[in-house]
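Presented sequentially are two complexes of chain A, the first with chain B as partner and the second with chain C.
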Partner chain A sequence: MVEYAKYVDVTKCDGCRACMVSCKNWNDLPAEPQDFLGSNQSHAKVTANTWNVLSFIEHENSKGNLEYLFRHSACFHCKEAACVKVCPEEALHYTDFGTVVINDEKCVGCGYCVQNCPFDVVSLATYKDKHGKEYKKAQKCTMCTDRLEEGMQPACVTVCHTGAMEFGEKDKMIQKAEKRLAEIKGKFPNANIYNPAGVGGTHAIYVLAEKPSVYGLPENPKVPTSAVIWKDYAQPIGKMMLGATTMAVIGAYISNKIFYKEDHGHDENGGGSNE
Partner chain B sequence: MKKSVVSKEYQNLQKEILLLQEQWKQSLSPDTVKPNPDKAGIAAGVPAAALASIDFDISLFLQWIQEVGELLSRKNPELAEMLGRVQGLLNEETGIRWIDEAFALNVQYFASFAEENNLDGWIPQFLAETALRPYLQLTAEKFQNQISSGVPGTGCPVCGEPVRLAQLEGEGKKVINCPRCLAHWNEKRLSCAHCGNSDHETIRFLTVEGDESSQIQVCEKCKGYTKVIDTRQFISTPSSAMLDLTTIHLDFVAQENGYTPGPSR
Partner chain C sequence: MVEINLNRRQFLKLSGATAATLAIVELGFNEKEAYASSKEFKIAKSTVTPTICCYCGVGCGILVHTKDNAVVYTEGDPDHPVNEGKLCSKGTTIRQLYTTEKRLTKPLYRAPGSSKWEEKEWDWMYDRIAKRVKETRDASFVDKEDGIIVNKTERIASLGGAALDNEETYLLSKMMRGLGIVYLEHQARI
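Coming up: the complex of A and B.
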């Protein structure tokens, strides 16, 4: 299957926040009223019920002038995603489109994904069951995988009126990003394409006007070592050990049977030890 | 959300037919169609294909009918007997007749042909129409750069098919697409392709809940409708023939609400 990606050219973004609205609308997410945070930005970061946030960064450029940098921030859909790596229930998984989604039924709300996401994108939402008991589930942007399955583009992309966002085959989106980078290098000398290799590349490819750190993004995000140790070593060894224990139990059962029979043969009247 | 009511099997069959038509069209020499520069005729809405002289190759036309018959028989072996019988009925004379009647969309002729020869009613016209389209599509390709707008009420400027499908492109430009010859031309966003009405009070839009990418534009003056699909929201844009098929539920909605795709037939 063709690999798809969302292309975000932040230099074309005018901060209208239509992507935030369309995301709430399509995914039926509740509003999260916020106090004034001291800037034009509505929410500090993405949350379990606000899957994309338009960040407004007040940046002083090399000439000492103020530059207002906008960035549509949402899940990056890493190719080698830490959240998928650490999920003990395999609730987080990759789809055929390359997107990373959460299977609500499998998620137990352990929060490992929240702790390990290098971009701080996953959050836990709290729900109440019919008895009033609270339970948690991880939530994040799905890249509108339910739309992709019907051949439709993600909701945020369809409303972008400046053409800052596009959705299509990953190779084409990377080509587009490279072309755009060449165009804006003169105006933004620090411009770069953000498709970090530490997580195997992402399915949300950004053309950034400044260094990733200016946007609050990790310069070189990685799947945390602890996550690799957990999934690639601790879990298999744990399962192996579980296997050994199971074998021991079965072994003990069988040997018990044998001994019991032997014992039984010796002492038909019962009683005594069967060891 | 479900984008189409048409089964995947039928969509796949149609895709294979469209692929065949594309191959057939590619095999035709571009000189097969000689345009007639009758500007007055085109301005009055006479289909370009009716004015042009098209050099039909009857044996090729009959071969295409055989090929599509074989495809249908493969997909549905129950049809093999009837489709095989059609081949026996066709000769050069009926081939010429079929081209003429398919071009004129003469439903009565094909219905009586089916009845006389004890065939399912849909078979003769379906085969003739399928094999005619590559010629119409080649004609449309030749004329495409000359068509900028249509004449209200006359249907497709190339083949005369009634207007029923439009797509939104770019910043919201409405482009009418002909699913028969694949020609396309621009139209004002708020204008009826059937009567030219552009009064916003009498043009309305019907929408299907949960389907935000399509609307049915209806005109209260002439009771005509056009399906307007925002294919900018799609990951990849299908051919207008496929799009027309996958949005057939909108035709039902429009027609059940008393609207028609224009009287230009």
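Coming up: the complex of A and C.
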């Protein structure tokens, strides 16, 4: 199946925050009242109930003037996602569209995905069951995969009135990004396309006006080495060893039984299958 | 013909086993399908009604999705020439007009000098408004000014809202002008 991607051109964004609200509206997420943080940005970062946040970065440009840099920040839907790698329950998985989603029924709320996400976009939400007992589940942007399945666009893309966001085939979105980059290079010499190779590329492709670090993004995000070692090496070896141990125990038991029988005959085995 | 000899106990056992097998077959073993059917698409069976955003004067088109007499979702109307499916952050929240517990469902009346709001019926309200409009109009009506017929009152003003459509604003301004009101304003200009 064709890979899809969300294209975000931050230079067209006017910071209206409709993407934030439309996300809440579609996904029925509760509001998170927030005190003033000292800038125009409403929330510090994405949370379990706020899947995308519009960041307002106060940046001093090369001429010494203040520049407001806006960025629609949400899950990047990495092609080789750290969260999918570390999830012990296989609750996090890839869809046919290339998006990364959490299966609520499988998630046990262990929080490995939260710790390992290079972009810090996964969070745990706390819920209460009918007996009042608390339990946790990881939550993040789904790229509106339920809408994609019905042939609709993600809610944030639908609402964007400046056309800063688009959703479509990944190749076309990359072409679009390259075309746009050539257009804005004069005005923003540091402009770049953010589609980091360290996570196999992302399904949210950004045209940034400044270096990724200015936007608080890692320059070269990677799946943590510890996660790779753990999942690709330690766990298979562990499973193999568990299997070997189990086989050894069973083998020992059977051989022990046989020898035991041979030694003691029918004396202590009365009432069993021999009769 | 095949003759089956069953005693009561065997018959019960057999029918129980058949029922259990059928029940399991009915459920199916396709985990994915079972998961998909447990989560129905949010707006799959909703009724869609177009409306106009009530907030500013731009007049964006909105589609309201309702199900079982509740608003389940709202979004910009892609066929509307004003906004072509887009909406601002405020217009996107319009579902809360209906779902909020702060929503007024009955007219509230505060008597002159009172500090309390009381719930009143619409009929009572209409009568009251009509009476007060007539009183004010009769007391302040000017038929002539500097020898010219003006037939106006300057003690009443009308404030229209952005949610009014073309036909409603026409009727409203026609009624207001009929009463002799000259101060016609619109909420989006203030």
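Simple rule for what comes next: the second predicted complex is superposed on the first by the 264 of 275 C-alpha atoms of A that agree within 3 Å, B and C clash if a C-alpha of one lies under 4 Å from a C-alpha of the other, contacts with A are read in each partner's own complex, and residues count from 1 in each chain.
What we mean here is this: a contact is a pair of C-beta atoms (placed from the backbone, for glycine too) under 8 Å apart; a residue touches a chain by one contact, two chains touch by 3 or more.
The structure displayed is predicted, hence computed values, not measured ones.
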Key: When chain B and chain C are modelled together on chain A, clash or fit   = clash
Query = Counting only touches as set out at the top, which of chain B and chain C does A:Asn61 meet: first, second, both, neither?
reply = neither
Query = If you stack the two complexes on chain A, which partner ends up touching A:Gly168: first (chain B), second (chain C), both, or neither?
reply = first
Task = Scan A:Thr95 for contacts with chain B and chain C and give back first, second, both or neither.
result = neither
Key: Touching partner for A:Tyr4 - first (chain B), second (chain C), both, neither   = first
Inquiry  = According to the stated criteria, A:Asn49 is in contact with first (chain B), second (chain C), both, or neither; which is it?
reply    = neither
Ask   = Looking at chain A, which partner touches more of its residues: chain C or chain B?
value = C
Task = Considering only touches as defined above, state whether A:Asn40 meets chain B (first), chain C (second), both or neither.
result = neither
Message = Taking the superposition on A as described, I'd like to know which of chain B and chain C A:Val21 touches: first, second, both or neither.
response = second
Message = So in the superposed three-chain picture, is A:Asp146 touching just chain B, just chain C, both, or none of them (first/second/both/neither)?
response = both
Remark   = Superposing both complexes on chain A puts chain C into chain B at one of 25-33, 43-51 or 115-123, namely 43-51
Footprint overlap on chain A, comparing chain B with chain C = 146, 150, 158
Note = In the complex, chain A touches chain C at residues 16-18, 20-22, 25-26, 103, 105, 146, 149-150, 155, 158-161
Key: In the complex with chain A, residue positions of chain C that touch it   = 35, 39, 41-42, 73-76, 83, 85-89, 91-93, 95
Remark   = Touching chain A in the complex, chain B uses residues 1-3, 213, 232-236
Query = Which residues, counting only chain A, touch chain B once they are in their complex?
reply = 4, 146-148, 150-153, 158, 167-168
